[in-house]
């Protein structure tokens, strides 16, 4: 077990390092090919004073000569950047000159709260529907569960959100406020946008909608693993041992089914991150996703890179957690 | 130690100790696949006495494993359904009982050992947990006691260093040792009937012999009834008391092991015997049975064995289902020509 | 419990019958037939837009702007007009081709990259496998949409000349770079599995060249799991493209794709012109749903174990 954990940790570090370098290299290439993003600082003015430009370049760490040679990996700035990140310095925003590190401290918890609602929605729905479909394999219920989840999954989350905010949210909110009052839980629940005064309530609907990402995939996975285990030899053994149905399900089916499901959730996490960009952008939730959204719209490459760095760290951590959980659940891996 | 275990769930309500240990009468099982009903077990009857060993022999698909699962009450439904017959344990018809009482019969009175121990054991739990589970569920034993008993059992079935091995997982055992774990699990609650479904098929030849010896030794010690299911007549020669040969969901011949080997009364049994390699037939070519086992969804008319049989009377065998012929006491054969085959004229 | 033992057939025979069986199972399912009809409709629209509309989407009359489709599928403007007075039916129909071309191009490129890398990694193993597997790990860390967002915002250029290549090109490249991993993983796994099969070992012993073994024996096996995920992936690409368009970095106007129409439509939907948002939305959902249903059935047909 110990060796497995260490090997997996090293692997995660390597992956993260290479991923961060890849991000850096793409940025370097874009500077080398397209020219200096520091020019944007001066807005429409085409030719700023060279001294001022140099000052801004230094401010954003673009003063290294390597940025003028296309194809140069720019290793020195990369190491500097990593050191900056390690010391909590993520740069400042071009518009408003705010410290990105401070923004992250606000944004990350918000996104985590959003994900909490989404993950809970996804797991509960997929477990229920998948189990239900497996029990009625090949019958109408099985087919309808499959068709419905595929349909839900086919509608892109941000389109559900757009449809929700532009078409449904306003009348629904008016209706709810008419009954329960505007300050009540129900009065806030259906708002078309996030409100910092109600940081939990107004996060529920976007969280649930984001939770439909990958519903079909996970439901399918739950159904398949349940079917595989229900028909397995060791479940027949458990029956032959005279165990009760409930015990067979809990002890011999659920734990065995958890393994592919956990892998699936880990895999879907990355997709949820993508979904968060538009979810938070559309609903105005001040989180990581909206930061990337705004970075794109305001052409602030640094924000996009910091956002992707955080997302890469999260994905690596989640897949590490998944693998360790996997090992904890499956002795065949633990004693490899 | 076996004695002090006999506390709860030991006596079956309504059991008659003078009745035979296990009687199966006219057992019928059908599989329902895509709306079609496929008869897989077609009226199987046999009796097993305490301390005796009955071998059920047949090819793949002859219905022998389905029979054992129907007796245990662990058929997967769908697709399999028991459609008729009785399974009597000491005179009590198990098929007439509700699921809850059937559940307590399993492991307490009838236990089963499966062919492939690797897939029959849950890969995620230690063998100690899986054996101890029986004591904890059926006897309410504490976790520590259950573990102690699991160690005792592992020791009894010949697993060295049982104290350590009890915490190991199935994939850490060799094939033979895993099968011993399966046997230990089956023995845990001291059942009266043990069904071994192809217990040695997945094993190496040398290990096969050890496992057979272990089964025999345990049966003698505990005076159990043993049902040995196999496709290999050779395996059962020195262990079984009686043989039931199954073909296409029926028992085609039922005899003592001695009679079955010396004077088979069914052409199929005869053919099976000729297919066993033996020292005295070295140099002669082994005979094979021509053709394939029949598809249970489309059985041949008349006697299901007739397309592969050499004793055929084209009129009778292809149209008329054969009756049970009693060639001697306790030796019956499902063949129009049982007596002729018995006298070795066909 | 191996009650039914089927005779082992020749290695090439099951391949042919696998596809035939899969086709036969699929042709019997009503949902697949329905999905196929939707896909045929969309593909025809992409290939022959003039069959569906005789209007030019760039011919717009300002005073005709924002006509609601009151007459529905009849009259001068069967689906009304958009904010600039262009015929909306023509806009939607002509927006289909870039969408489909983009999705198919990305898919083909990603499959080629995935197949080549996957077979190389699985067949040769060793350092090559280690290298490709680590590359897989790294790219999986960056989800498709986020990676594409990064690339497109880093290399964003001002306007485009309007040709299909220059409008569709950047999103195609961005999506391909972050879209090949799944194919590579499946191919690698299938290759490793096939490599050790008896008939491949036999071919090797008989002195067959590596390239021949890879193409004749391994590729036909590896292509099965890859095919099974292709339809679903195309649906995913269409969705991701529309997300990029909403962010303003996908297909660039004046070219249209469904994503561009959706992005524009959201501005009008709140003002009561729901059809400008709803029609492309329905078209996109229908297409993605058809691809997903088709893909789901294909996966079942190619892996009959869990039907």
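So that you can tell them apart, the chains are marked A, B and C in the order they are listed, and the count of residues begins at 1 in each.
Note that a contact is a pair of C-beta atoms (placed from the backbone, for glycine too) under 8 Å apart; a residue touches a chain by one contact, two chains touch by 3 or more.
Predicted model only: the values in this text are computed from it and were never measured.
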Longest centre-to-centre distance from chain C, chain (CA-based): B
Pair of chains joined by the greatest number of C-beta pairs in contact: A-C
CA centroid of chain A to CA centroid of chain B, Å: 54
For chain B paired with chain C, centre-to-centre distance based on mean C-alpha positions, whole Å: 54
Between chain A and chain C, centroid-to-centroid distance (C-alpha), Å: 22
Residues of chain C engaged with two or more neighbouring chains: 1
Junction residues of chain B, two or more chains touched: 114, 116
Multi-chain contact sites of chain A, meaning residues that touch two or more partners: 233
Interface residues, chain A side, partner chain B - complex: 231-234, 236-244, 247, 251-252, 255-256, 329-332, 335
Residues of chain A that touch chain C when the two form their complex: 11, 14-16, 18-19, 22-23, 26-27, 29-30, 33-34, 138, 143, 146-147, 150-151, 153-156, 158-159, 162-163, 166-167, 216, 220, 223-224, 227-228, 233, 270-271, 273-274, 277-278, 281, 292-293, 295-297, 299, 301, 304-305, 307-308, 311-312, 315-316
Complex contact set, residues of chain B against chain A: 69, 72, 74, 76, 103-108, 111-112, 114, 116, 119-126, 133-134, 137-138, 169, 171-172, 185
Touching residues (chain side chain C, partner chain A) in the complex: 1, 31, 134, 137-138, 140-147, 149-151, 153-157, 235, 239-240, 242-243, 246-249, 262, 266, 269-270, 274, 277, 281, 284-285, 288-289, 292-293, 296, 306-307
